[in-house]
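Input: structures, listed below.
Next come two complexes, and both contain subunit A; in the first it sits with subunit B, in the second with subunit C.
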Partner chain A sequence: MFRKIDGLAARPAVSLFFEDRSILAQEGDTIAIALMNAGARAFRETPLSGAARGPLCLMGVCFDCLVEVDGTPNVQACMVAVRDGMRVRLQHGARRFEGGT
Partner chain B sequence: MSTVSMTHDLIVIGAGPAGMAAAASAAALGLKTVLLDEQARMGGQIYRNVQACDPKVAALLGPDYTHGTTLTDAVNRTRLEVRTGALIWDVAPDLTVTGLQDRQAFQIRAPQIIAATGAMERPSPVPGWTLPGVLNAGAAQIALKSGGVVPQGRIVLAGAGPLLLLVACQLLDAGADVVGVVETSPGHNRVRALRHLPAALAAWPYLAKGLRMMMRLRKSGILWFAQAQALEIQGADCAQALVFQAGGRTQRVDADCVLLHHGVIPNTQLSRLLRVDHRWDDRQLAWQVVTDTFGQTSRPGLRVAGDGAAIGGALAAEASGALAALGAAHQLGRLTDDDFATRARPLHRSLARHLAIRPFLDELYRPPTWIVQPADATIVCRCEEVTAGRVREMARLGCVGPNQTKFFSRCGMGPCQGRICGSTVTQVLAAELDKSPNEVGAYRIRAPLKPIPLGALSALAVPASAHGPSAPHCAPPNVEKE
Partner chain C sequence: MNRAMESDTLVIGGGVVGMSVAYGLARAGERVQLLDEGDDAYRAARGNFGLVWVQGKGLGQPDYTRWTLQAAAAWPEFAAELTQRTGVDLELAQPGGMTMCLDDAELSERGALLERLRDQLDAEYPFAVLGSAEVRRLIPETGPAVAGAVMSPLDGHVSPLRLLRSLVQAFHSLGGQLCAGTRIEAVEHQGGQFVVRAAGRSFAAGKIVLAAGLGNRVLAPLVGLRAPVEPSRGQILVTERVRPFLRYPTLYVRQTGEGVLQIGDSKEDVGLDDGTTLVQLSKIAARAARCFPLLDGVNIVRTWGALRVMSPDGFPIYQASSECPGAFVVTCHSGITLAPQHAGPLAGWIRGGLEPAPIRNFKAERFDVQKN
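Take a look at the complex of A and B:
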């Protein structure tokens, strides 16, 4: 739901996976910005009613941008920068404890 | 019973204007200082990404934004230890700071801490504010600063406050499709603000900037509504329109993105964790941390500076951070009484100058009652989807404070740990119980301040060696009087 403004200098590209598709972001982008540039609007569904939610604050307060990053759930997409090869998945419903790290 | 020995003279948490000014001042006074921030770069939200911002974006944001480089430069000139990407999730009563950086837990400790955790946007709970496509106005500015991006499609901004106007101007300048601004300030705000205008003239650059923004927006030809009421965002799966009352009739503005803003309030999560004294401020409609002018809270050694204590804006935060650093240095015996007084004087003057505009702005942009006392059907707790009506119902059933309503309804118990709903729930309960917010109180905050992997916790639980890490501080169980 975001787009780059015109006339900006290109930053080095970063390639990551959003669900199962490969998307391109730029170095220094947060995961939230990268996903919204790739067209994402809703990031997760609430555990209670299943209502769709997207980022509200983009500054680490609202927790409505929680995503799964490289298998780790509940990562604040607005607080973490993209990395090459990163695998980001949207969260559906409540988290379950499945052991591991 | 900490086994963490002192690692620094001063730990500064948060690298916005207050934190950067505090850390740079302290390091210049010879204090062994560490500056911590969760973000990848210094700057906080106001100067977010200022060191690496695209020149075109920086030009668009203007000198008030690029001023931040004077602070990042000041930090870089000192031999200050800066740890970015460091999430602080606990501060123990003995001031041991526990954090997570590069997935590794760490603990550090100092006799003085300056918490400069800044502000957050006041929640704007209106029907439909949980729909994707509804963001805080500040979020759009953050996206512009950090990624050089703007919302796609038609944008409408709604609310009250200088930031609302600023973001509207900046989005227009960036070529975004801003269709309108819907101001919610009630008409009587102007009358009440007027008596503070003489004092505000001392801070005339702020007034001049405000007037410039108003003229820019009026000239742009976008839709403009004033004194709007009964805001509602409509849409099936995402925001599609903003509907409201203005000029005696129902208005509808179609939009793909709705940006809400009703001022900013201190982010008190860390000061609440440490149980320091807070007081409700009726003019700013927010909690403030009780401090002296050097940021000293009711807990010895813990100082809070900048907007994290009370809203004063970025330049006031800078002075407030430098004053907190002086306080810390003096407390540690690194400044003589005379030197302390001499250095504090110009900073106090600067602080007073920047705060002179506040009473005027606070009255002019005081949020309407329906924002701080939302209608029954409106969700206040986004995480657990609890409505204002449910909170009121619990008050009628005998709940006397936010911790009880949390216990019975999970309101404030979700991942944001009450950051978003906290101030609203306090105000709703206060009104329903006919008490002051001070009597009703706030959520009791516990560690971890943010969700952390279990591995990070267990890494700290290994038996402590001579100077090994201590067990993380755990708050007592949830038994409390309200």
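Take a look at the complex of A and C:
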């Protein structure tokens, strides 16, 4: 469904964890791009109806691509660049508080 | 010339106060037209916090405590009735409410206030002063900075926006007419009728109820009444949705049915400025995070300011005009808490019924002070 445009200069590889699985991205990719390249479509479920949501605008406006990054919930995946060793998790329902609850 | 649109009663102001009265009148069988200024008006009904609150209200004025107690008791049936008529869930919950206190002095002061309120009343006035351990038992997420809380089992909260929407819908379904974007230009009293000119149209009715919030200041004198109300700004922060944890509404923080945390309660005298300031918002956020440290990392998604409508003593003005019989002024700070009273006993009085006992002293004359 999604394919990166050919012809872009190769960039260094970045390795991150997506739901405990190691995936590869390129430096400068956003988390949203890395996850979509890895086959993810729905990133979260809405807090009230539980409907599936994925990236829509990819420019920081729609807040539909929220994921958990290194334990911090409700991070906009389209607005944060990947980093080596980053741990990304899908979100189910409303955010939890750090450290439980 | 256009013929005036006729009805039994004209209600001026489509906030929660005006809508509650209009709904009550329409429910009783009146033909009611409601004129609402528009979205450039100061909308207290859109900006308020949503507490259905008893504790702390009515010092020096036990009638106000009584009126508030009656309202809190009437809320469950009122909400159920609106839900039945409109299908809108108002998210009413009255599990008891807390005022969190950050030091012992604040806690004993708050406890003493409620004791005085109870002593001036000849009715039940339940409350409890809770120590920090007891507060943490009820809300485990309470932070170590909390010295205790005063809890009243009568307190609760409701979604003010769902309430307003439900009132509008119910009013429509009863045949009420809501004219939006209709700013009043003139009010005349002739031949036992009130004729209002607004937005190039004329509206006529035998009765007129002014429920225009701060707008009542200008409107009331047109029908021989007074509403010396002043704006008092409150600022509110709203967080993203989070897992429900706060089972009890508190005076400064409540969690809505959608999981949003609403944080507020600042009071500023800044005229008609309904903006926000970083200084106040920071103070509000800091206090909330001391009460509930887990809020520290939660994102704020919206902030706003809104203007409370305050009379000089903070109590309502409910008055019938003797100069222009059939004209009424209705203004109060607690339009959410008092909504069932406004739709019920107050509307009954406006229709010609008995004036409810607790509100007989809420006339504007009480603000007249002897000058020498």
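Methods note: the second predicted complex is superposed on the first by the 94 of 101 C-alpha atoms of A that agree within 3 Å, B and C clash if a C-alpha of one lies under 4 Å from a C-alpha of the other, contacts with A are read in each partner's own complex, and residues count from 1 in each chain.
The rule is simple: a contact is a pair of C-beta atoms (placed from the backbone, for glycine too) under 8 Å apart; a residue touches a chain by one contact, two chains touch by 3 or more.
Just so we're clear, the structure is a prediction, and the values are computed from it rather than from any experiment.
Once chain A of one complex is fitted onto chain A of the other, the partner contacts of A:G60 are limited to subunit B, with no touch recorded for subunit C. Considering which of subunit B and subunit C touches more of subunit A, the answer is B. Of the two partner chains placed by superposition, A:L24 touches none, neither subunit B nor subunit C. Of the two partner chains placed by superposition, subunit B and subunit C are both touched by A:L48. In the superposition on chain A, A:M36 makes contact with subunit B only, not with subunit C. Once the two complexes are laid over each other on the shared chain, residue contacts for A:N74 go to subunit B and to subunit C alike. Contacts of A:A13 after superposition: neither subunit B nor subunit C is touched.
When both complexes are overlaid on chain A, the residue A:I5 reaches subunit B alone and has no touch with subunit C.
Residues 48, 72, 74, 101 of subunit A lie in contact with subunit B in one complex and with subunit C in the other. By the touch rule above, subunit B contacts subunit A in their complex via residues 38-40, 45, 49, 52, 54-57, 87, 120-121, 129-136, 138-139, 142-144, 146-153, 174-176, 237-238, 256-257, 267, 382-385, 414-416, 419-420, 450-451, 453-455. Listed in rising order, the residues of subunit A touching subunit B in the complex are 1-9, 26, 28-30, 33, 36-37, 41-43, 46, 48-49, 51-64, 66, 72, 74, 76, 78-79, 81, 101. Contacts from subunit C toward subunit A in the complex involve residues 141, 240-245, 258-259, 294, 297-299. Within the complex, the subunit A residues that touch subunit C are 47-48, 72, 74, 93-98, 101.
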